[in-house]
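Okay, so chain A shows up in both of these, paired with chain B first and chain C after.
The block that comes next holds the complex of A and B.
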């Protein structure tokens, strides 16, 4: 993992950075492309953006991370979506601004049937999973797990507020507690009672009973994203925020 | 003086950059891929929309012309086929310009490299798929001498102004000139600008070995982009 190759768009990925593969296959992730028409002797992999080259030796995968790029839906991602309007069988929801609306089936909730389906209004938020996302087709999301038919924490988000963060920060938050060099939520959890739902699309929903605490949590998240705080700075800001609440 | 580039000054845009050259400062914001109106939709590739906002007043025919030049430049940089029926929107706001009054034709060409560099940096910051890295630069011919990256004073009473952009492989992507010059002079200018722009993208360590890199200027573009990436990945070290 500890590669420090920073590439610019159109530079060739150095041969030494390609992970060794027994099967002879290599998986290319975001922001890399392969030029098949290049002479077969040389593997020509070009980055399409500037970033740090990441590789996974186990999965034989190679990708490039971009911090601010617009969220591109892929199947299985958990997202925080906002309902824009509803039609007879679907809700039209917004994942990112200025992109076509994603579709959420009115019956794609746990235990929902025609009589018991949740009634969502324009502006309501839902925590959902991307069900289908392909090139040139509508994005579909759902609020039930496809295996168990259970909600698994997904569904309408009642109360609270949604905060916008960068997609890279949202990915970092989703790594789980103790990873990604992020301690704000754990530190805050010792002092305050609150609930968060992190969406890969760069939206974080926060709810904590009181408006003051909700805003404090949200502001810490946004501040950490925009300010790039280190662990010590995060602890200091959390202490300050807790004093003010 | 080497130009300065700051990435991501705007929080709400997908990608943004502030670029300052000897003459101008431009704030660029890039959004994309976003939904496109039916009228501008292209079935097999992304549409590109460039908006230029002058430092005062509203844009006119000059801005429209510059927009068309920058649009065609960006089309050669972006992998437009990856986002069919979508739009890439670039807004360029001029925030500082020379204090002395320049001839309009000269001013238009002199502004192009700054616009191009700012737009490119915003696209990189926004993570839009790019085919190549490029740098644009300006040169003037004054009393028979080629001056690369001229100052305000060099622009007054110059014979010709040349704006050019080169990719990392040395391909010419943009050339706009105005004034009196012949082909021989233009070739001389293009060679000088090629060296300058290549130096801005040169790899560290390589550039001492290559034809005395130090006098051609430091690799400012590589430095700025690298710094941005290091900043974004700083948490990996600590965690």
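The block that comes next holds the complex of A and C.
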């Protein structure tokens, strides 16, 4: 997972770093841009930000990891958003502080129509998917899956609390068991009962019925992010936290 | 106008219910501080205080000016707080918001008006020349409890600062460069520190060293400033909800313990810094040559 290739904007991605593949197309992730008009012999993938180059040979994907950068929304990301105010047809929600508000349609919920739509107040949190994010347009989010029309776990978040982590940690946490190098949630899940919603914008919602357990889960996540714990350390910290709860 | 975004309803209600059970989100006890570190810069009069994620840098500068006509025998001491966007995007350059106003007011009351610094020792020639001591506080990172961190940084910087040596012969004043004569410490009469308490649930829960989130959810705060002998410089209560008189008393008791800890920490940090500067024991030689009783700055040593 770890990569030692640091790229700065204006440099080019070296040939050796491209994932080898016979078939399929290369997928470019965040902070990389393809220049189609470049001559074919030269490498036409440019970093748009500074960070660590990451690649996935299985998915034939290439992206640039910027661990401390502010979250930039891209389509398909799951985020924990906070309602700021509402207008006639949309909620104006906050993904990250001090940035323009994203829009959440009042009917963009599972089975919502004019009569059954959920009523959200300022300060409420929702788990949502980024629907549109582009240059010069408003970021739009929705709480319903576009394919199935189902909520798929998205929607208003009731109770619990939200912890702030770095966007890079949130992304790795969402990769699933073991893949991002984090086993905290899996280890904890064996011992405690809790609900968690990881937002790519660096906000993690945790709810577990008891205050003590929620705080324990949140502190482990924040500690893991800030301390950069390895797998063994994570297991040890989880055992200690569970004993204290 | 940028402002600190309000915490979500989930966060604020959870925080309040957790405090009911005496639990804090970072696992601290209600009266515990985040880890504190105090470091001094290579120059005299710079102190850097980190309190968890909060970071404040204090810098002291000194220049010669004319004293105020109504205070002929006093030097000038001013405290300037700089809350720039560096510390938090909610701070704006050139605009003074309530955070800054309250911070500078508390510091003013704690350090300036309590007479922590003997301003008379900054006088060079009465009514004509005096030192103007400027303390500037830069908030480098804001995660709550700026008052305690700033006060600690300021007191530490004042104790660390050395001003240029002077010699007065009649009306003639010579100011010696630091390379000519070893600079002189300020005359600090006592060391006051601020300890702030945030209260919740109508004063039933009192919390020390609140983080930014805890500050946003609190009903009000009580700031107690005192020195290690328990002499109270000021008590300020901000926020609407009433506080029981007895709990203010318990605040002062708790503050005394905390202030003693601060005082010890500053003393140790100063000692460590002095040891670091005293390479090969040369410092003792320098200071022996210049040694004079403090408070006799008006009298030239060679007269």
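The rule is short, and it goes like this: the second predicted complex is superposed on the first by the 188 of 245 C-alpha atoms of A that agree within 3 Å, B and C clash if a C-alpha of one lies under 4 Å from a C-alpha of the other, contacts with A are read in each partner's own complex, and residues count from 1 in each chain.
Throughout what follows, a residue touches a chain if its C-beta (ideal position, glycine included) is under 8 Å from a C-beta of that chain, and two chains touch if they have at least 3 such contacts.
Computed from a predicted model, the values in this text were never measured in an experiment.
Asks: Does chain B (first) or chain C (second) touch A:98, or do both, or does neither?
Replies: In the superposition, A:98 contacts both chain B and chain C.
Asks: Which partner does A:161 contact after superposing on A: first (chain B), second (chain C), both, neither?
Replies: A:161: touches chain C, not chain B.
Asks: Of chain B and chain C, which one touches more of chain A's residues?
Replies: B
Asks: Now for A:123: first (chain B), second (chain C), both, or neither, which partner does it touch?
Replies: In the superposed model, A:123 contacts chain C only, not chain B.
Asks: Should A:182 be classified as contacting the first partner (chain B), the second (chain C), both, or neither?
Replies: It touches chain B, and chain C stays clear.
Asks: After lining up the shared chain so the two structures overlap, which partner does A:69 touch, if you call chain B first and chain C second: first, second, both or neither?
Replies: first
Asks: Residue by residue on chain A, keep only those touching chain B in one complex and chain C in the other, then list them.
Replies: On chain A, the overlap between the chain B and chain C contacts is residues 97-98.
Asks: Quick check: in the complex, which residue numbers of chain A touch chain C?
Replies: 82, 94, 97-98, 121, 123-125, 157, 159-163, 205, 211-212, 214-215, 218-219
Asks: Mind pulling up the chain B residues that touch chain A in the complex?
Replies: It comes out as residues 8, 11, 14-15, 31-35, 79, 84-85, 124-133, 167-169, 201, 221-222, 225-226, 228-236, 238-239.
Asks: What residues of chain C sit close enough to touch chain A in their complex?
Replies: Interface residues on the chain C side: 2, 4-12, 14-15, 17-18, 21, 23-27, 89-90.
Asks: Note which residues of chain A are touching chain B in the complex, please.
Replies: 6, 8-11, 31, 33, 48-52, 65-70, 97-100, 136, 168, 172, 179-182, 226, 228, 230-231
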